[in-house]
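Next, two complexes with chain A in common: one pairs it with chain B, the other with chain C.
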Partner chain A sequence: MSETQSRAAPVSEAKVTVYRRMKDLPSTHLLGSGTAMCAGCGGLEALHEVYDVIGAKSIFINAAGCMTLLSVYPFTPFRGSWLYTAMASAPAGAQGVRDALDILKQKKRMPAEEDMEVVVLTGDGSAYGMGLSSTSGAMERGLDFLYLCYDNEGYGNTGQQFSGATPHAARTATSKGKHGFAGYKKDLFSIWAAHKPAYVATVIGAEPLDLARKIEKAKGLEGPRLIIAMAPCPTGWDFDPQITVEVGRLAVRTGVWPLKEYVDGKIVHTKVPHERVAVENYLKLQGRFRHLFEPHRDDAMLGEIQARVDAYWADVTA
Partner chain B sequence: MSRTLLTGNGAAAWGARLARVDYVPAFPITPQTEIIETIAKWVDTGEMDARMVTLESEHSMITAAGAAAATGVRVFTATSSQGLLYGMEMLYSVAGWRAPFVLVNVSRGLSSPLTLEPDHNDILAARDSGCLQIHCSTCQEVFDSMLIAYRLAEDERVRLPVIVNLDGFYLSFTREPVELPDQESVRDYVGSYDPETTLFRASAPSSQGVAVLGGGPYSYFRYELHLAARNALRVYDQVAGEFAGRFGRAHRAVEAYRMEDADIAFVMIGSFATKARAAVDRLRDDGWRVGLVRPRLLRPFPAAHLQRLLAGKRGAAVIDQNLSMGLGGVLHSEVASALYGQDGAPPTLVSFVAGLGGRDIADEEFFEMAAVTKRAIDKDETPPPRLLYTEAELREVRKLQAIAHVEYEQLRGASGANEGWRR
Partner chain C sequence: MFRVRFHGRGGQGMKAASRILGNAFFLEGYEVQDAPRYGAERRGAPIFAYVRAGREPINERGIIRHPDLVIVADDSLIPVPGAGVMSGVDSRTVVLINSEESPKVWKQRLNFEGDVFTVPVETADRAELRFIGVTCVGAAARLLGAIKRETLSEAIRQELASLGSDIVQISLSKALAAFDSMQAQAGTVTPVKTASSAHFQPPDWIDLSLEDARASAPAIHAGATSIEVRTGLWRTLRPVIDHDRCNRCWWVCSTFCPDGAINVDTEGRPQIDYDHCKGCMICVAQCPPHAIRAISEREAQAAEVEEASK
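Now for the complex of A and B:
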């Protein structure tokens, strides 16, 4: 059993911003506009918020996914740097960049102020599947990096085929049958946390204060820090782009997307929805679950989905 | 200068050490492992001021190598065979990043069937990746090529990864005396790595490996890659020439052995070419006018060197230690394309495939290949490609098959009337 890799950054370096209220959030936004992302993209919403906290002194290491199209020659919305790797190995790219920066500092070939936060940016397709091995390796080596996974619960960039992140019963381009996707969403949070990295958290763009606090906390730690941002996806989930925030809020209020963090060996729920809203209020906004309501209401399946959410929260003591 | 008994793997490790690499992303695979074990030891003892990281796969290893090189440090890495193929996606990618580093590939036959001994299908699978290739035939050459490779990779006219190839077992585990220059003279020759604008810095943000839309920009960057690789022909001659001047060992893009008055040339790459070289001497003793042409540089392809060396010859026997299924030898088709339509090109080009999975090529086989080529020249008829295999080898395989058959029958007998095990 390995020791926990959580180490607090030296106090002298820590410049902590406290986010108490919405108005504490950064008012200037760093990420440029006019990208190729879809209207109402919940992943881009989260990335905007994350980038405002991380800042431009960063390099994003990207794996194949929707956001690969953020940087299309000769444009980029980032004020900092970017390296596209491949679908499977963005964390290994982060390893190479982090190690090189450390070597350059150590050998005094680069002043310390030229250093950057190394951030892996991938979708769920890479994070839950093809890239899991390289993520595991990066954590086991205690790599000092941030990982932001925008999780839209399917291979969105190729037209929303189901992935390891797709929830039970969702219709996707490769699960169009009567009952939708037969599998269950993989618990990536627990898989990551099992590696005992410095930090793991779930966030969602619709809860910007919770998100900012977590990114700020992650910034102050050293070692592997991994964030899963649920990314409501108008195109893939089939809802009107203008209700992205509403879908996101409902994901939290119904308990479908628990906001939590793992730090120092403990899991803490940061926003426990008391009097959880019935899950069907979240599901019925999305075309991918329409078959649960039309032409006939599938009470059995709705009950099963609700029961699974209830069972999760029954175990939560916070 | 000192002469030390070193394996090919040891020579590669010494090359990395004296080139003062900063970073070594690694992953173990036979027969390359000794390289990273040697470097790991030096890093532990402080004899080598480098950071070494063991990744969880070659795909990640090559990603990390390219990413670190793109951030501005000198990188070395090594692999073999299945590992090279596992990392193949990234070989193509990192070449496009134009981030120079050196990768040693210790050639080993590819699965399946799974095997350990060498041939060149692994390295030839990387032929079109944009990584340059230098093929070695001795341990000294492995060491020397490492230094030349860094000069070539980092040259501003090139800026591409370079693969130094050596054959598993025959070079990787074979000890030969290797002359190691002192650190100072290597430092003078290789120099320090200046990444120029190939780097990531907080004050100078840049984007690498980005997507393009459409064939126009895509073609532009791919052509750039090709032109950089073509530049490497000239740069190679220059840096190898400088190496010869400084260290007294010439490593031309294409080695020619006893070619001046030869009628027939063997064309081969890698360590097995030393067998061809020995065969040339014996054939010469028997009155044959034969020689050997050995490309060291395979990418960029030294077509002009080959055209010049083979001009006026009556025939050439290209011996491929690889097999492109449904075509034949890869080197043969490359040599043919370089010679076709050229003034003085040998009218006869015969293809032989041999040495797969470390299979030996015996002296008498070189004699036979010379004889087949001579007959082809005399009859002015090019024979179909030959796959070298002896009756003795076939007999050995038949024995193995017989054993397999007996075992199979015995198992079936033991299961009696119940045939369930077969399903």
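Now for the complex of A and C:
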């Protein structure tokens, strides 16, 4: 890199984002209070941060999940429209809404400046499982939409049964045995990125600046843009709601939840934890992993979980 | 048949409590139904669960409209209309409340002829909230008079085994202490005769005629109407900002509050919207200069009443 280029870098960075410091984040919020989400919900925390950046000119297409309960007639926290679909078909619903908006524009029945961002909002049950086929189809068709998945690693709305996003060894309502969930968390980021859409990113409410920059970037692009927000869940993961942010921050600092983005065919890690904290510090805050510590410490399992995280980061160059 | 209705807030272990009671009845050889009401089992939100137990086959289904025993895990629910704590009770219904206050006070407040008992549960630390359910179920088992001490213990062990031995031990000691405390009131709840279907009274349905989709489909014509829902009623702890200590960083509490219940005023001071704050206490945990503290909602409300009467 030449000297001129490296000096130019901060300037282009300034152009890219209005969120350079924490103080650039909004101090009043767009998403209405009074929703039925649990106290301390990490998914709602991420959504309200995301919504401030997306803005009121947006339509949400919501698959069945916890956030179905955001809009229960006659109440809604959104400033714009909301459409409810079955669990497997939110991206298909988004296609219909996008097409309708395009037709209205084309026929000059709606001025172009009134156009809206079409946003799919689903939980991990839909994103990692039932809705994956319709998401794949939407990417294949190059649908211009934003997908926000709040990932609380299980079917939270029905009592935390395991989903394709549940991590290895976690206790769920359907994995109560001595060793918890036998499967492994699906790598949805890679599955999505393999479709080569315009943008894929991981975010978390506990890192609001990183989140705001990514949503801002996604907003400036066209085509399929997909975001996975890890959503620490006091109810499903069994921890006191006041430590939601602490749990989220530890997910990043231990390397369990890598913050990264896929853009222009490249994957970039946006926040590399250089001195990674041991994973057990993250696990022991959560009741769903209590069986790894009580009544006897399960060193073999803790070692296995740590080794998987280490193996992931060993391959990360950026 | 016994019909028991549970009222609590999400996170107080009431769903588990109903399962424990149902299981205990089952172990005593009863026919049992136990079911929580599905839909809004949110931390802090009012929740409901139902247990029916009888020596004969039970033909009743659905929610319990006329309970023989009402268990209230949180006395702050009683004035909440949506919780419907006292709905369908009559003079033979027994009401069990987790409360510091005496049964006499509650009988007077509720203007209720039937029996009221209270079982105070120590919850100075929020980690103890989850044991409210088992404590109530211990007292309830004795009031019902149909469940032996050993059966209750076995039901608790079976239901809570997956939560680890510590939780089981604490639950056992709390439930059995509550069971013992109700010795004088053992068997106060009397079972009802199973009603025949001839006496079935349909609920108060409202019949809606079929309309064109444009007329009958729900449409909301304003944004952010959710603010009409007062989720502040969920709160058991209240965060209070010390504005002298607040360093007006202004993004931390306001950004992390999941509910958007903290906004910053024109002078740069964060203000908590108590109509909607659910009491998660993330702001208390995250405030860099520790300018937000948690106080008990009950005490805060009592102080407000006192202030208003001055």
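Things worth noting here:
The rule we apply is simple: the second predicted complex is superposed on the first by the 301 of 318 C-alpha atoms of A that agree within 3 Å, B and C clash if a C-alpha of one lies under 4 Å from a C-alpha of the other, contacts with A are read in each partner's own complex, and residues count from 1 in each chain.
The criterion applied here is as follows: contacts are C-beta pairs under 8 Å (C-beta built on N, C-alpha and C of every residue); 3 or more make two chains touch, one makes a residue touch a chain.
Keep in mind it's a predicted model, so treat the numbers as computed, not measured.
By the touch criterion stated above, A:40 is placed in contact with chain C alone, chain B being left untouched.
Of the two partner chains placed by superposition, only chain C is touched by A:32; chain B is not.
Look at A:287: by the touch rule set out above, it reaches chain C but stays clear of chain B. After overlaying the two complexes on the shared chain, residue contacts for A:73 are found with chain B and with chain C alike.
In the superposed model, A:153 makes contact with neither chain B nor chain C. In the overlay built on the shared chain, the residue A:56 is in contact with chain B and with chain C. Legend: residue contacts after superposition of the two complexes on their common chain; A:144 is shown touching neither chain B nor chain C. Comparing the two interfaces of chain A, the one with chain B and the one with chain C have residues 56, 69, 71, 73, 76, 78-80 in common.
Remark: chain B residues 22-23, 25, 49, 51, 53, 55-57, 59-61, 63-73, 89-90, 93, 200-203, 205-213, 217 touch chain A in the complex. Of all residues in chain A, those touching chain B in their complex are 56-57, 59, 61, 68-69, 71-73, 76, 78-86, 88-89, 91-97, 99-104, 107, 109-110, 113-116, 133-134, 136-137, 140-141. Across the interface of their complex, chain A is touched by residues 10-11, 38, 40-45, 126-127, 162-166, 218, 220, 223-231, 234-235, 249-252, 254-261, 263-264, 273, 275-276, 278-282, 284-286 of chain C. Of all residues in chain A, only 22-23, 25, 27-42, 44-45, 48-49, 56, 69-71, 73-80, 158-159, 171, 176, 205-206, 208, 234-235, 240-246, 287, 290-291, 294-295 touch chain C in the complex they form.
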